[in-house]
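Structures for review follow.
One chain, chain A, links the two complexes that follow: it is found with chain B in the first and with chain C in the second.
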Partner chain A sequence: MNLSNHLQLITDPSDFKNTKLPILSELDLLKRCYICKEFFKAPVITSCNHTFCSQCIREYLISNNLCPLCKTEVFESSLKRDVLLEEIVLCYKEIRPYLLKLIKNEEQNEANGTHENNGKRKQEEKEVQVVKKPKVEDPNLVECPVCNQLLPMETLQNTNHIDECGLKRTVASRLRTRNTSKPSSISSFFKSSPNESPPSSPNNNPNTVPTKLGHDEYYFNSKTNVPIKRLAKLDYSSLTTPKLKEKLSALTLPINGNRNQLELRYNEYFVLFNSNLDSNRPVSEKVLLQKLQKWESSHSAFKIVRNSISKSITDKNFSVKEWMDEYSDEFKELVKSAKQSMKKSKEVKPEENGDNDEMK
Partner chain B sequence: MAALPKRIIKETERLVSDPVPGITAIPSEENLRYFEVTIDGPNSSPYANGVFHLELYLPDDYPMCAPKVRFLTKIYHPNIDKLGRICLDVLKDNWSPALQIRTILLSIQALLGAPNPDDPLANDVAEDWKKDEKKAIEVAKEWTEKYASKKEYSEN
Partner chain C sequence: MAKPHPFHKRLIKEYTSIQKNKLPGIKLIYNDDQLINYIFQIIILNNEEIYKPDVKYYLSIIITNEYPVDSPQVKFISYSEDENTELSDIPLHPHIYSNGHICLNLLGEDWTPACSIESILLSIQSMLNNNQLLTRPPDNDSYIKHAPLNPKQSKFIYHDDNV
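After this line comes the complex of A and B, so read on.
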């Protein structure tokens, strides 16, 4: 996937710069995590009252203990879910494209009314269309079968986008049917009346604007006091490698790789698992395992180790002791498997290939 | 190519479309986590009129940990050693994910404008600086002319 495809999927507060309401960029910014700069995903609030994505702050707190914003001490155990904010952000995210379209379109309509700018604007419009067209025809983009949104192939195949879409659909339709049969007094109070919904102008908006997203009802009906079991942080200094492997396999995680990779793997799963619990719509453990796998495939610590070895040995500040410490487990493993293969070769005729694979 | 966090794409896009005056940062085509950076020496400093080349790398854990930055151009500065490594709090303990590539490069530019021999990385330079500041500034100017003029770098 190339960079321009990436850029299409990225939203930014500056998107509002050239609209009728540039001030909305401020509101847009406030709904974003200060760490990843994206809209809050499973937001949590710290003891110093700062809000971050659960995953972002948990990952940060593995190696730090200060709030990224105000530098006061923060404990992972004191993070609290913000259920309402998550619904607000989800709701806003869905409304945002319509909002942007609407306040941009208004500008164009106005321009059409004034004679002076008419020609110029028309030309601009044409240019915009010319730019937009190839985007739609981009061979890398595929229509999501559920929400009809154009997305890069990779996104559809490698993320749980379709699952999420399907879930949203069913939840929304369920809510809708329930709504007609038994309107709850609180939610109907907050429900926007059809008159307030953005006017759908037939000439420029082929997709109909939804009149109901269901986030309000979701919030009012959500059970948030259910006790949850989080994964515990591990104290690696007092944990042997076999014990660590036991812990990993108990979570159905792979146990291949060196000690450093095992620790990194547990840490990442620990963050993914615990932050998933902070989401209003948690995903299944299967999806978490997929995410972990994807993370590993893009992390350099899980690439072939040889490159990094040759690099650091030539480094001027190469420290033998650090090197020994870091790879002591690997050395032990190698010695162990070497001894084993020696035994084997004495007893039976050796199967060297199998041993070599183990050593890697 | 491995998955690139949206945040990096966004920062890159902004660095290219809305660059900081006196600073350029261009991502490598093979590795979008690696940037070729140039910083112009601040006007009121001994590094004025110099163009300093740096390399910047975003580790896998970015933005949980700071970008790695190093001077490629030789520079006479108490907080930058002969390998080009930089002694700057925001690159070490004071890093926060709230900071970004932009702010880091601005901090480095500010460091050029305000050398701090009391917190040295290049001890010999810092000592010279403390003993005879005027002379040290002269040497810094000489080095800037010798190594940091645009012509010089392209020849290397």
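After this line comes the complex of A and C, so read on.
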């Protein structure tokens, strides 16, 4: 693994420590889940008023019923989604790289005037013009900061004129990355892949700063009181395996594997499904199934048994020879280590007893 | 290569934080690429009457697949950093068994995802710093006879909360 590569993809409150506004690390920290340390994904609030990612806390509550922060009793059913916080976090996440760059840039600019500095100053000059010009001409007309054309204020703010202007000036390759970057940040919102840092190339010119994110419109216009159908938690003690399989196939989930795997599978899907409902931008069930598959392929409980599904020792046509050939090295290792540990335990035992006597 | 841990990002953060704020008396000796196996060297600095400050102890921390919902597997180990030094001892403490298993509420029922590797290190260090008794737990002999390899599989009886 390349750790330094991974480190670059990771955002942390400490990123602000060496900037002009180190206090921003506090704000950064508050927008993060205490369990995964990432920005809140579909945040929910507990009955004790603590906030976590829906998926993180639901996963934790399967095996516990205490708040990870204050240890008061928390029930999965009492979790409430926080629509506003989710939009704030999404908004902040998109702004963050520019913010960080800006505070760092200013430090650089003070030290030495770079050409980035010029680019910024140009933009500032234009902003000044934007304020000045309407005074002498039509007050409703505003100059586009990119193409210098005079346009009605509304056109500038509500259409993506500025974006298009910026695009005309940039190379075709950047055009592609920009076009895909915005929608993907929403559709891939639930993925665990490191998509935190938007395409912030080192020579990011100020023109590419988004002028409109739409999170405010989403919050004020969305209907958030739509009743949602959640998956129910299953009481496995009173559920037979065929019944459990019925439940799984009703959800179009695979029904292979042993009882333990079936339970694990339902639990994980239950968490994925219900936390997806807490998101302002839920993904389709197909995506959830893909995630479930990915989770299974990385889960230890599914690894061991996958071997024995293909070749079970209880199969009638089980080939002992093949099995021996495949695992002969492992068997040898095991015999060797067993012999060694037998020797060791014979040697060590009397000593240990002696030690304990002395201690007493 | 094995797949990265589901909370790989969190592990990277914890790892960098451990590297950055070096805790006094605690040194990271070994970690694997997946950041799920760690060996720490611990020196007890503030308890000279009980533990000599030049004696090194070694703590193994293994992150489970369910981390951070589930606590890591933590135990003291006999270890030596090179061939010339002898294997280290397991510190004498009324809550540490001679096989290295530690009876600490934070590692069992009191674990929450809000805890971290650093908080484990700190609480084990303070447990040793505040110790006044050079003894093993009262049930040491019977425990180590039947103890599973993984301390997380044994149910500890919390003898007292004072030590």
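Methods note: the second predicted complex is superposed on the first by the 205 of 360 C-alpha atoms of A that agree within 3 Å, B and C clash if a C-alpha of one lies under 4 Å from a C-alpha of the other, contacts with A are read in each partner's own complex, and residues count from 1 in each chain.
One rule holds for everything that comes next: a contact is a pair of C-beta atoms (placed from the backbone, for glycine too) under 8 Å apart; a residue touches a chain by one contact, two chains touch by 3 or more.
None of the values given here were measured: they were computed from a predicted structure.
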item: Partner chain in contact with A:266 - chain B first, chain C second, else both or neither; value: neither
item: Partner chain(s) touched by A:298 [first = chain B, second = chain C, both, neither]; value: both
item: Which of chain B and chain C A:34 touches, first, second, both or neither; value: both
item: Touched partner set for A:69, first chain B, second chain C, both or neither; value: both
item: Where chain A meets both chain C and chain B, residue numbers; value: 3, 6-7, 10, 12, 34-38, 56, 59-60, 63-64, 66, 68-69, 71, 297-300
item: Sites on chain C touched by chain A in the complex; value: 1, 3-4, 6-10, 12-13, 16, 20, 33-34, 65, 68-70, 92, 98, 112-114, 134-136, 140-141, 144
item: Residue ranges of chain A in contact with chain B within the complex; value: 3, 6-7, 9-10, 12, 34-38, 56, 59-60, 62-64, 66, 68-69, 71, 294, 297-301, 316
item: Residues of chain B that touch chain A when the two form their complex; value: 2-7, 9-10, 12-13, 32, 60, 63-65, 83, 96-98
item: Residue ranges of chain A touching chain C (in the complex, touch as defined); value: 1, 3, 6-7, 10, 12, 14, 34-38, 56, 59-60, 63-64, 66, 68-69, 71, 192, 194, 295, 297-300, 352-353, 355-356, 359
